[in-house]
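Structures follow.
In the two assemblies presented below, subunit A is common to both, partnered first by subunit B and then by subunit C.
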Partner chain A sequence: MNRTALVWRLASFAVAAGFIALWQLIANLKLVSPVFLPGPDRAWAALVRGFSSGDLWSKLAGTLEHMAYGWLAASIAGIAIGAIIGSSRTMRTYVAPSLEFLRPLPVSAIIPVAIAMLGLTQAMALFVIAFGAIWPIMLATIHGFAAVEPRLYEVARSLQMSRLAVIFKIALPSASPDILAGMRLSLTVALILSVVCEILAGLDGLGHWVLLSARSFRSADLFAGVILLGVTGYVTSVAMSLAEHRLLAWQAAQQ
Partner chain B sequence: MTGNSAKALVLPLGVLVALEVWARATHLQSDSLAPPSEIVMALFGAFADLSILAATRDTLFSAFTGLAIGTIIGLAFGIAFGIFDTFNRLMEVTVEAIRPIPSIALLPIALIALGFGYRMEIVIVAFACVWPVLILSRAAVRSIEPRLMEVARALRLPPAQRVWKIIIPAALPRIFVAFRLSAGIALIVAVTVEIAINPLGLGAGIMLAQQALRPDLMLAYLVWIGIIGYALNILLTVAQRRLFGRAALSGDSP
Partner chain C sequence: MASAAKRLEAISGMPAPQIRFDAVTLQLGGKTIIEDLSLGVQPGEFLCIVGASGCGKTTALRLAAGLYQPTSGKVNFDGQPMREPRREIAIVFQDYGKALLPWRTAAGNVSLALEAGGMPSAERPARIEELLRTVGLPGHAGKYPSEMSGGMQQRLQIARCLAQEPKTLLMDEPFGALDAMTRQGLQDEVLSLVAASGATVIFVTHDLDEAIYLGDRVIGLLPHPGRIGIELSVNLPRPRDQLSTREHPEFLRLRRQLFDFIKASEH
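Then we have the complex of A and B:
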């Protein structure tokens, strides 16, 4: 980062700090009832209290666990199914249109069905998260497989590579930017669905925490939970960008 | 092409027939599944007593009002950020701090501040719709052909006219892409809020059907929500193609 960029960054942080000061001022002057809007001081105190008593740690761990398991399951299944569909023209013509039809379905609408099948359980949450997160990954994989440079397939044919070898050596690497972009989208979906499932099923996690805090009008705890969810969203997406950057470095070098 | 669309129908029709036969053959007694024929009957029933239409109206009203508010806010900030680079840089940290908050996490805040009903749902939908519009319209404004801006300067257009006559028309195709994305998000968020907590609309309808142990009605709602999502997507895609033709495709990445 060069000098001017650093200065701009600092100025930008100063502006954000200004907004927080404004928030504090509004809270101090009680322009909005403190029942709804705690000041940043109280939200921060609630965060510190929650972490030192260990409550927030376990809630955060619960949410991260739901998110990670669902997302990983979706990634593995999505890439596998996407590879099967994407690597065969016949499968694409038969299956892809149905998938395109299902894509705009609001995935949360599957929650009642999952509750009816699995009850208000951990398994229900994992099913819903995986089901919601699989779409972007699977469709991206299919798209990536369909967009592989046809000459690479010709090379594979003249080298008489097996279908598995073609998938692992040619199609997956060349579709990896699409797949990783799909996985990044899914990360957000997984976080949102984790929160929704925790709210609905009362599973241990930040979703449950914010709802309980709201129900008992503990607004400082509520804001602490929301801030933590924002941090979770931010950190996971930054981590995903870094992973993407590392994994795709070979491609950037090629171009 | 007709051959391909016939092939596309094979899978869904096959699944439907298989489900129907399986459900009939095993005399299915389930709280979560129902034969397709009963789902269709339940859907007609819900249309006949107008319950599903009222729920659709509630959901779409919340989704579209939230979408309109979110689009206006996102557009205003997006264009301002695109034009004034200083402003954009100063606000960067603030925007990056608020954006990753999952929209649904605001639900409890909206709940205690506004209570159940349309307003809290609209606020959450609006929050979710701001970001795609803001980010894409900022990028669209930045990528406007610099010569257009030179023309505006040469004509000494006042800032309001510059926005209205040059910037918005030039950026409109990509702004519409953002609007299309946001419209999909609006429907998803509205239904999600209703399923999670708000006793209103299609989401509440499907939860109620589940709790009443009516799998046929629950799945009918699911099918109907799917149809609405699909129709909205088709409508906006066609509108985009009609209004902007190939110009819109430039900003459209999957």
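Then we have the complex of A and C:
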């Protein structure tokens, strides 16, 4: 790591530490009632307590499971549909406008529909998460497939490559930077929707934990859950960036 | 079909052309780009095509590759109609930057052609190494195209084309974007590669000297619509030499003739 990067890293830690100190100060001065705002010390204690009793582990596992299944389903469906639409000009012309209509629909609007159809079930959660997370992936895939260098298709034709080989050796790798960027965006969407579904349907997970803690005025537990959600979002996004970096090593060579 | 070609060869004493254009006309977007083009290229021949910008050189090459189908007339390869591109015909594109897979290394790019040809993966590494050595890129197997110079990328594209083991090599201004020194080096390399493999070549270029230096025959196209305006046989001794060939009186005579043709075709 070079020096400027190191300085920036240190500065960002300092800012984070500053926020925590401020939080502690506000809590200590009781500017906000301790019933609603625990200090970082109490939140940390709740976190440790939650993990040692095992409760928080299972909640975390529940949320990760919802998120992962929804996100994977969204990725598979999003890439497949995006590939079909993106590789055909006719499909793009006819389907893209409808997509533009559907895309800005807030996912929260389809939650009642999903509940009406599937009830307060895991299946409903999976559907809602996948539905919300599919958009960034599908739109990025369409874009990626539409932007494949036409020359490469001519190379493929002159090599008499099969349709399948063209998809897996030319189109997908060429679109992979777009697809991975879409998948990274969807990760956050999947986490948010997991929490929402857990709260609405009472499914086992951090969303449920946060809801119950709030209802029974256990503010320290509530904050422990929120912190854990933040950490989950951060860690998954960093993991995704690392995966992107590895998969797209050839792009780094281009700069 | 093949036996008919053989018979023809027996009767005429001339080998049947490997590529044959029979009164080929091509229209694109309502415009006639190529009109009534007839042409035969013998196996092992090195044919160069020159002509002013926009006269249809690339289009003619794409017809030979099977990337375009004629509006009327026929394009035959080995006596059979060209309906689609085939592995026996390799194309070296001018824009090497777009024709290589940026996510594959040099070895991976060569491998693409071997994979398409169905070579078992165990046999590929040795063949890739051999091909990269042939085009003067030994030791660059692990590099991505973006880490290579223009000349190296074009060599890589040539290596991939050789991996197809083509009977015909189509080259569209392959050295157009390269500097003079790199260009001359690659000209000689292409000549020796072609001599070694016995492939038929159609080579499109803007550069009249390059056409005469490389070719057995040079065809000049006239524009709007594209048709043959001049045809010259190049009777210069082989192997060609960058200094003595270019000073040969025959070279200078052909150069003059071609130059006058291009000059006249531009009006």
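Here is the rule we use: the second predicted complex is superposed on the first by the 240 of 255 C-alpha atoms of A that agree within 3 Å, B and C clash if a C-alpha of one lies under 4 Å from a C-alpha of the other, contacts with A are read in each partner's own complex, and residues count from 1 in each chain.
Methods note: contacts are C-beta pairs under 8 Å (C-beta built on N, C-alpha and C of every residue); 3 or more make two chains touch, one makes a residue touch a chain.
Computed from a prediction, not measured in an experiment: that's the story for all the values here.
Once chain A of one complex is fitted onto chain A of the other, the partner contacts of A:Leu211 are limited to subunit B, with no touch recorded for subunit C. Contacts of A:Gly230 after superposition: subunit B is touched, whereas subunit C is not reached. Shared-chain residue A:Leu159: touches subunit C; no touch with subunit B. Between subunit B and subunit C, it is B that contacts the larger number of residues in subunit A. By the touch criterion stated above, A:Gln122 is placed in contact with neither subunit B nor subunit C.
Residues 4-5, 7-8, 10-12, 31-32, 89-94, 96-98, 100-109, 111-113, 184, 187-188, 191-192, 195-197, 202-203, 206-207, 209-210, 215, 218-219, 221-222, 225-226, 229-230, 232-233, 254 of subunit B are the ones that touch subunit A when the two sit in their complex. Across the interface of their complex, subunit B is touched by residues 8-9, 11-13, 15-16, 19, 35-36, 93-98, 101-113, 115-117, 139-140, 143, 178, 188, 191-192, 195-196, 199-200, 206-207, 210-211, 213-214, 217, 219, 222-223, 225-226, 229-231, 233-234, 237 of subunit A.
Only residues 149, 151-152, 154-155, 157-161, 165, 169-170, 173-174, 176, 248, 250-251, 253-254 of subunit A touch subunit C when the two sit together in their complex.
By the touch criterion given at the top, residues 65-67, 84-87, 89-91, 93, 95, 98-99, 101-104, 112-113, 115-117, 144, 146-147, 164 of subunit C touch subunit A in their complex.
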